[in-house]
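Multiple structures are listed underneath, in structure tokens.
Next come two complexes, and both contain chain A; in the first it sits with chain B, in the second with chain C.
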Partner chain A sequence: MEARGVWRLALPLGIAQLLFFAAPLLLLAGTSFSTDENLTQTSLRAWREVVGDTFHIQSAINTLRLGALAVCATALLAVPLALLHLAAGPVLRRIILIAAVLPLLTSVVVRTFSWIVILGREGVINTTLMGLGLTSAPIALLQTEHGLVLALTQIEMPLMLLPLIAAMARIDPALLDASASLGGSLFRTLRRVVLPLALPGLLAGATLVFASATTAFISQGVIGGGRLNYLPALVWQNAMVVFDWPLAAAMALTLMASVLMVAGLLSLLGRGARHA
Partner chain B sequence: MTEFNRRSLLAGMGAAALPLAAQAQTAMTAAVYPGGWDEALANVLAPALRARHNVSVAFDPLFAVDQIAKARAARGTPPFDVFVLDPGPRVSGIDFSLFESFDPTRLPSRGVLPDGYADAQGAAVAAQVVGIAYNPTKVPKPTGWRDLFQPQFASKLGLTGFGTTFGTISLIEMAKALGGSEANMDPLFTELRRIKPSVAAVAQPAAMPGLFQQGQIDLMYTNTYTVTLLRSRGVPIAFAVPETGAAAFVTTMHIAKGSRNIAAAYQYIDSMISTPVQTALAAAPYFFVPVNKDVTPGEDVPMRSISEINRFVTHDWSVINPLRAGWISRFNREMAG
Partner chain C sequence: MHRFSGGDKALALLIMALAALALLVLVGPVLVVLITSFTTSQALRFPPPGLTLRWYQELFDPVRSAQIHRAAGNSLLVATLTAIAATALATGAALAIARSRAGWARFAEGAFMAPLVLPGIAFGLAALMFFSWLHLPPSLWLLVAGHAMIAGPFALRTIGASAAGLDPALLESSAALGASPWRTFRRVVLPLIMPGVAAGAFLAFVSSLDNVPVSLFLSSAQTDMLPIRLWGMMETALDVRVAAASGVLVAVAFTLLLVMDRAVGLVRRMSA
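Right after this comes the complex of A and B.
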């Protein structure tokens, strides 16, 4: 087959993407620059409200911050676990893999609700702490940012762990032996050989966790509650309750642009690291 | 569901065997609230409609605001034939001209409804009574809306904003009890700001029953339906009528503009208000507040018949709706951080 014609194989998906992804996205952009959802008149009102309002800016910052915290927390836990997987025998490897994938098999709603049971005033953590006499009154966990980050860490963990395990599994064991025979300590081997080679997996995981945590509408609402404001809930509220579609569209695009920006930065970082 | 499928399969086989004798079944689609309503209407209304009028109904589970959004997005080709809405979204639906004009005389059962419950927009099909729900094993019975702002109650309280009908009218009643009015929410927001650091939760309306069940909150504002439903599942919960009166409103059904099943839609709404259906819906495990004058509401509902609804606090949604977007935005801001 001639290589020149291969692009035609991508036509069905390409046309579908154009029709069902690019066109609605253009419509969304058009709506954000209009006075109403019928695109009767162009207006910058919605964008002015997003950019010119500290509440909306703060909500956008909160959202990005939540994503960053979730990425840090999942990475901190996933890297040691992935190293353990690398060093483990076949049985332990399988156990780690099953434990990593298992949460993906339950719905996000169920995982989110179970965190109410754990973090609540009468939840598992508080009753344990009070039973041990470590605290006299229940401490606030539910509806706080750290509680939400804790829950998101568990909810998003597979997205970080799986790419990391895959990246580490590709490391040639001979490289580790070479490092050791050249006098590299375990820590030095880890820092100079394993982690740099696992970096693409870490960055892929970071991108997935970031995109998923910043848009985790249900978890943010149920565990975070009404005192923490994130863009996804504001988009929903403006579209569905207030019927301000231009503002909802502008916020949705802001959310998408910020997520894309961070994903772009992470991929640049990956490219930079490869050339270093 | 399996039963439904088996029945339709049997019906289909029957129709195939006897094409001349088979009477064509009309199929229609109705929006229904998820969580409770969908199950109740599928189990009670759908069989009644099939038996009475040979109409089969498919349900589209959507919250009221989602129905309005979906119908608007469809731009004239309604995704379902019948809406079911609370007063706020009902007024939005009228403003956006989403309803066919409604002729109450096409409801043979209309005599069971109180005067004014079927009009040119649609017909009332259920009532809701809103007040304070509390956990009697944890907190004393609150006497009224003002009590919620006392420290011993506020620290157990779950707050939800103006996103729902019950949330909106509860907050309006609080504003009134604090010296404000339907048009003046300032006293409410001042008090909310004061208790904000101590309240047990500020949550989305759908999360409230779960938070109550888990003991995160011991007080919330809600309808009698939620109270009865939670208690039937073993949650310690009771309904308190505030000293200023419980608030009541009706849920209405409307025919979507451009519907191709208008006759079936009237039959659907007529079956919904009929005495057998309203009786079954008022009983366990559904606990609807009936609008049918001949049906007695359940024990948690502080009225013995829908005719008593005049004693309850009601609200003018044509006044509320224009102000609501502002309140929603202000609630977000005041509660932030």
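Right after this comes the complex of A and C.
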């Protein structure tokens, strides 16, 4: 294995990706600028329908908002848990890691289903609230945005937690001791030492959570229900029920462009923070 | 961080409280679904009014749950083939990237990881359009091709981390002693990166088994996949067999997690 011809080893994956990943996406883009799925004639009809319809615009805004809320909610809980992992002994560390990995290995359908049981009219939250006498009638949590964000907090949290833990593991413990012995308060140590060093993990986690939450078709549909409209459901309906493939393609590309834009912004933010 | 002032104590308490809440949010739903799978109720009441194995019996009934069994069989077959394909492709790519400092390697690494961030639903639709444009009828092979694209990055990440730790001097001495590249790979490289390869294959397998966005567009009545079937059971009538199926999936995931962690340090690899 001389290092000279070593690039040939990457060729099979490269070819497979061109054929089964890049080519389909190119065709998707082509279809969105066409009158029908056979690419008979170019047309801007699908894109006009995406941009010119307030329902479609609102759905796109809902989707981006959901992604942003999921990022904030997962960060709010994952940062403290990653800090606890940093300070914990070996046993607690292991418990935290297994708690982070287990949901990731159980199907997203299972995770979504468990939230139906938790958020339902006779679910965990409503029985607890009514048992404590905090409310007399069950409150609606299914088919609401906050119910969906709550569920996504668990469903997506491992994607935020694992990069954070990985980034914090690279922090030299001597730095923390130095900061403390120089009289730095816990707040100052966190703000000036830990969080800047954990920032790459936070940004990587935010990108993964945003990408995953905005495309989470089953969670959005089953927990969000029919009242909230998100792009993935519209992509699916137009592709598989209405059979308007150009419109479905244009919506899928809108979703893709939004995710790429946010990922690009987050990576710029990371670069800016490193030079600051 | 040992001498806490008053403000520090409050901050430390707040962090601990949020961390405890995070653990509860992560693990609670898994326990809830396990307990619910034993409910005697037809509705999804929690806590359950009584405990029974009835839903597991119905789930394993070969006649009444034939469709679920077929979907589970398809999913396992596709996940196995996907894991093999993704691991083979990713191992080659990981070795090439680890042994090259050239610009193309950095670019290729970025391109190979792209499916991780691009919305799965967009790729699923694109794959459907592509295969229908090629006039290919729905089949499990097409599902494997689609799943392998999504599973590739998972395999590449853990195998890449192992390959980066390879000492080039070992490969050079193996070659200097007259071993062919293939023999060097079999006898020197593969044993050294095996834990990463095994972890990567496992993650690729799980990613295919759980895949929704690609299966949503590429599966059909004959090539039904388990997550799609379970989603259908959740959407139409609330079928408590979903809870039993979830119980089985959680138990399998937990067992595999412990086995893979013992064998190849899976948890450490996923958090590094």
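Keep in mind that, in the parts below, the second predicted complex is superposed on the first by the 267 of 276 C-alpha atoms of A that agree within 3 Å, B and C clash if a C-alpha of one lies under 4 Å from a C-alpha of the other, contacts with A are read in each partner's own complex, and residues count from 1 in each chain.
Everything that follows uses one rule, which is that contacts are C-beta pairs under 8 Å (C-beta built on N, C-alpha and C of every residue); 3 or more make two chains touch, one makes a residue touch a chain.
Small disclaimer: the values here were computed from a predicted structure and weren't measured.
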item	value
Superposition on chain A - do chain B and chain C clash or fit	clash
Which of chain B and chain C A:L255 touches, first, second, both or neither	second
Between chain B and chain C, more extensive residue contact with chain A	C
Contacts of A:A239 with chain B and chain C, given as first, second, both or neither	both
Contacts of A:W115 with chain B and chain C, given as first, second, both or neither	second
Chain B versus chain C as contact partner of A:Q58, first or second or both or neither	first
Which of chain B and chain C A:F20 touches, first, second, both or neither	second
Which of chain B and chain C A:L265 touches, first, second, both or neither	neither
Partner chain in contact with A:L175 - chain B first, chain C second, else both or neither	neither
First, second, both or neither for A:Q143, with chain B first and chain C second	first
Which superposed partner A:N229 touches (first chain B, second chain C, both, neither)	first
Part of chain C, among the options 148-156, 166-174, 202-210 or 220-228, whose backbone runs into chain B after overlay	220-228
Footprint overlap on chain A, comparing chain B with chain C	37, 113, 116-117, 120, 122-123, 221-222, 239-240
Partner chain A, residues of chain B touching it in the complex	65-66, 68-69, 72, 92, 159-161, 163, 196, 200-204, 207, 210-211, 214-216, 324-325, 328-329, 331-333, 335-337
Of all residues in chain A, those that touch chain B in their complex	37, 55, 58, 113, 116-117, 120-123, 142-143, 221-222, 225-229, 233-234, 237, 239-244
Chain C - residues contacting chain A, complex	1-5, 7-8, 11-12, 14-19, 21-23, 25-30, 32-33, 36, 43-47, 88-90, 92-93, 95-97, 99-100, 102, 104-105, 108, 111-112, 114-123, 125-130, 132-133, 145-146, 148-149, 152, 156, 168, 171, 175, 181, 184-185, 189, 206, 209-210, 212-213, 216-217, 226-227, 230-231, 234-235, 238, 242-243, 245-246, 249-250, 253-254, 256-257, 261, 266-268, 270-272
Residues on chain A engaged by chain C in the complex (per definition of touch)	1-3, 6-14, 16-17, 20-21, 23-25, 27-28, 31, 37, 76-78, 80-81, 83-84, 87, 94-118, 120, 122-124, 127, 153-154, 157-158, 161-162, 165-166, 169, 176-177, 180, 185-187, 189-190, 207-208, 211, 214-215, 217-218, 221-222, 231-232, 235-236, 239-240, 245, 248-249, 252-253, 255-256, 259-260, 263
